[in-house]
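Below, chain A partners chain B and then partners chain C, in two separate complexes.
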Partner chain A sequence: MAANSASVENVDVKKKEIKSPSGLSVIGRELIKDKIALISLIFLILVVAFVYGISFVLDQEEIVKVDLFSIYEPPGEEFILGTDYGGRDVFGQLIIGTRNSLSIAFLVTIMTGLIGVVYGLLSGYFGGHVDNIMMRILDFFLILPFTMIVIAFVAIVPKYSIWTFSLIMTAFLWMGIARLIRSKALQEKELDYIHAAKTLGTSNLKIVFKHILPNVSSLIIVTMTLNLASNIGLESGLSFLGFGFPESTPSLGTLLSYARNPQTLEFRWWIWVPASLMILFLMLAVNNVGVALRRASDARQRRG
Partner chain B sequence: MWKFSVRRIMIMIPQLFVLSVLIFVLAKMMPGDALSGQIDPNIDPARIEEIRQEMGWYDPWHEQYARWIGGVIQWDFGQSFRFKMPVTELMGQRIENSFWLSLVTLIFTYLIAIPLGITSGRYNDTLRDSLITGYSYLGFATPIFIFALVMLWVFGFQLGWFPTSGSVTPGLVPGTFDYFVSKVYHLILPALSMALITTYSTIQYLRNEIIDTKQKDFILLARAKGASESRVYNRHIFRNSLLPIAAFFGFEITTLIGGSIFIENIFGYPGMGQLLIESISLRDYSVVTATTLLFGMAAVLGALLSDIILSIVDPRIRIK
Partner chain C sequence: MAEKLLEIKNLNTSFRIRDDYYAAVDDVSLTVNKNEVLAIVGESGCGKSALAFSIMGLHNRTKMEGEILFKGENIVNISPSKLNKLRGKSMGMIFQDPLTALNPLMIIGDQIGEALLLHNKELSKTKRKEKVIDLLNKVGIPRAEHVYEQFPHELSGGMRQRVVIATAIANEPELLIADEPTTALDVTIQSQILDLIKDLKEDMNSGVVLITHDLGVVAEMADRVAVMYAGQLVEIADVHTLFEEPLHPYTKSLFNSVPNANEEQEKLHVIQGIVPSLQNLPRTGCRFAARIPWIDASQHEEHPELHEVKPGHFVRCSCYKHFHFPEESKEEQHHGIS
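Here is the complex of A and B:
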């Protein structure tokens, strides 16, 4: 008996040795090799923790309240980053704006991810006529000029809120990830394990969501990370033009939109420069992490 | 090629149809009509209803759509609610301005991207290449409106090298040389701001294309026959790598449309993008509908153009 259990243990140990490294440890090694991505990740974690943490203390109502006695104060003792045309603290708006911009970017990324993944998987797996029709629909969405259509929708929607805003954005942003997942699913469904599953009589839906989905998950994570970066940009761009968040909910874009006033652009840098830097650093950092993740997901490109 | 083009155009027709229906539905959902601002309050509301009935406001939607699309085909987008003039007239000058802005941006884009892409591909994995790749990565990650604001702040306000708004100095007579110079002068900064930020795709594509071509057999043959290095690059590699770039020309149009909204608003340049934003804030919905439709059509045509150029360049896409 004893010898038996020892040999079983031995086999276990051997199994462990040839086991391929887990996803997390691959990502970890990649990050240690790529210092810029590591710094970006730390920066992101700090920003997210700070921004979401401090908004428990900070009161949005308090910050967006107009104070006529302190209009356009330059940075100083009382206001670290000065005030805007309504005498509102720019630093507070920057923090709340970052939180709002990040939240909507997360929300839109997750919603587009859900729609895109399901659409792409179904289109790629079923192929043939289904694929043809689904791709024609996708092509149509793809050629619509995004900014234009979103602006037109935002302008006519009654009872405009953060939810409707993110729904409108989602409606015109799911195509990129759907196309990627579809082409991956097309490759995947030709592999033997799918044929085996089919022969065993596994239902189509089970194959799609239990077999193919886990095998495209790394692509999903990478694409969604890169999408998060571009969604931060798109949201602040729309808010910049005045078609994003309403003014009562500051976002990074609304802070920037004050710079459309030439006076502010020329003489009051403290209103728009911090917000631009924040957008720039956030997008760069998320992109860097996304690129590192992409390398980690492809064994040929890994550095770690 | 003809077979492919015809089939591609057949695909485009339903696309244009769905686009027009989408925009028609949007237009119908927008509050107000051409009459809301026009009639003075002394007129009896019953009379307004009568006029609406005469104009077909209550007709079935497919009849209304047919009438609207009939007008669009004849370049008639109806009346602007706000300015009481035909939308076409309102857009005339602005379409021209936007066209020039896009053209100059495209010229700048290719002037910047082609030399950089070639250098980057030819000397790949050297310092030069890393610098160029770094620049295009920054261009990819920077939103266009932030970059444009910074350009306007530095070159428009701080240095004062370029005008900060408008498309021409007021008071100049159209057709004169001064007028032309002033137009170009107003175009440079907005076009350059957009070009510097949108070059990344062309640079990266050209770089990968050149690195690919470098390893092909016919290049080895050219070298074996004793062609000089510059001849190999200028005649053999460049020509083969440039063709796919030409195919992306059509997609550049979509990028330009998206960018022009920001650029025109930041630089106060009176083009279609600015008109769209202005008419939305004025609730001038007939203009909104017209501009959205035109931009959408431009994007559809751009995609068509790209596919047709690509089929000329790449025989694999053609249908036998």
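Here is the complex of A and C:
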């Protein structure tokens, strides 16, 4: 009898503990099931911590100083990854470069995210003429030749910093997420709970940011993660073509652009291979995490 | 004389389809008094919900003409901020589908609390929580403190509908619009919810507009009934008169369509045809004529008006005087031959 009642109590206690899983625990379970995504996440955290941690100690000015006595030194004891044609430490440039590239990617992703989400939500929610006008403005941005304008900007803007570069990229990259969020907002605003919120006397802006925004948040997180990966690649690509940063501000792209010299490409692998691998692994890792997040946000695709 | 709470005068609500406007609510006039349940009955697509949405001002991009007087003040096309002061405070709405009428990402407490917060900014957080739990108890939710912290998906349909009702009555509105509040619920929960709405009405002395297609619900709840067909009111009467002595062919057909357990029937009665779509609606003549083709066209009015047959009993079009069901006429003929 006693044992019986005890077990009944146990069951009761268990029942209380069962709560529907929160967002974080769903993501956690998804990551545990998807080992590649988990490894990617750990890799990302390590790289970010390492790169930002070390760049506190490293001095960018010191690293980009030209030292004519140690040109093109192969990897050795003094320089872990050798030096480039200016005698500059490649390892140091790799660290600083990764930091710069990541900073730009983060900045661009966050800024495009902010603009895109607000723009898309307002356009989708208010609909009608507002939507029409806002979408035509968006179309205008969409047809501007991105690369050409960036090249022109590089020529015009005298002092190039991470901020100016991010702003230029943001100006041409917010449209995708805005369209995505708009379509979701169009869907969401027809649901009854929005009508219900209106019947309570909730104002439009409050409905947009308090009711619709949380309901599209999973989409925002996933899209921004995947955008992060493509932004890393985009920055590197522009720098590689010579439209990114000057050599005084190393980024993964500038390191990669040394490979345009056939001699470097063939005989001095230490200058460009680490940066290429860094780009490759960073993009892959971010992508893997993004895909895992996307699965977590959709119950039908979940593995965990 | 009962106090008028809501008075609708010649309301037209038109939807835009391509470049033209089509009236989904066509020249509707009615009144709702305090402490009264007015039921609006009709088939799917006849404009019941469009009427409810018009009263609450929920339509986007529609043309609204006429007057909706709420306590004497016209609320058609008033500014959103003025409307927002009324909505939730003086007017509440209960939605049809409790599964979608709650924000899936907000806990129950916050959803009900939002209504309180919007119209009473001084209320402190703890007071608000107390009031929400009071409301949850009022609508008969057990373990209210526990439910306060839960998300909508953790509750059953009946519970959710109670939460929707609690949200609607949070500020004790004088006018409560219930848009098919029981359609999505099973029968046992239905009667509980209806009783609840009735009790709340008595408590708050408010007027209720009950939209439904369920005649059982009407019989149980309503004081007066307005029958709607194709955007127009075709008959208004108090509930006893309407059930005992329906006049308009459409009302009669509706009652005839309800299956009767006491009679053995081989076939259920159906009304011929379907409700014409908004674009194909005949704009002149009796709109129901196409569905009772055995009635001679000369019996219909050219511009059907509402006629007051008895005090408080209105019927549209004169065709009701000559209406009979086709089976009846067959029987008559049969008798005639034998």
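Rule of thumb we're sticking to: the second predicted complex is superposed on the first by the 282 of 304 C-alpha atoms of A that agree within 3 Å, B and C clash if a C-alpha of one lies under 4 Å from a C-alpha of the other, contacts with A are read in each partner's own complex, and residues count from 1 in each chain.
The criterion applied here is as follows: a contact is a pair of C-beta atoms (placed from the backbone, for glycine too) under 8 Å apart; a residue touches a chain by one contact, two chains touch by 3 or more.
The structure presented is a predicted model; accordingly, all values stated were derived computationally and were not measured.
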{"item": "Chain B versus chain C as contact partner of A:G127, first or second or both or neither", "value": "second"}
{"item": "Touched partner set for A:T147, first chain B, second chain C, both or neither", "value": "first"}
{"item": "Residue contacts with chain A in the superposition, chain B compared against chain C", "value": "B"}
{"item": "Which of chain B and chain C A:S236 touches, first, second, both or neither", "value": "first"}
{"item": "Which of chain B and chain C A:I45 touches, first, second, both or neither", "value": "neither"}
{"item": "Chain B versus chain C as contact partner of A:I54, first or second or both or neither", "value": "neither"}
{"item": "Which of chain B and chain C A:A155 touches, first, second, both or neither", "value": "first"}
{"item": "Partner chain(s) touched by A:T199 [first = chain B, second = chain C, both, neither]", "value": "second"}
{"item": "Chain B versus chain C as contact partner of A:N215, first or second or both or neither", "value": "second"}
{"item": "Touching both chain B and chain C, residues of chain A", "value": "none"}
{"item": "Complex contact set, residues of chain B against chain A", "value": "11, 15, 18-19, 23, 26, 29-31, 137-138, 140-146, 149-150, 152-153, 157, 164-165, 254, 257-258, 261-262, 265-266, 276-277, 280-281, 288, 291-292, 295-296, 299-300, 302-303"}
{"item": "Footprint of chain B on chain A - complex, ascending", "value": "136, 139-140, 143-149, 151-153, 155-156, 229, 233, 236-237, 240-243, 256, 259-260, 262, 265-266, 272, 276, 279-280, 283-284, 287"}
{"item": "Contact footprint of chain C on chain A as seen in their complex", "value": "20, 127-128, 191-193, 195-204, 211, 214-215"}
{"item": "Of all residues in chain C, those that touch chain A in their complex", "value": "53, 56, 58, 60-61, 80-81, 83-89, 91-93, 95-97, 100-106, 114-115, 118-119, 151, 153-154, 164, 167-168, 170"}
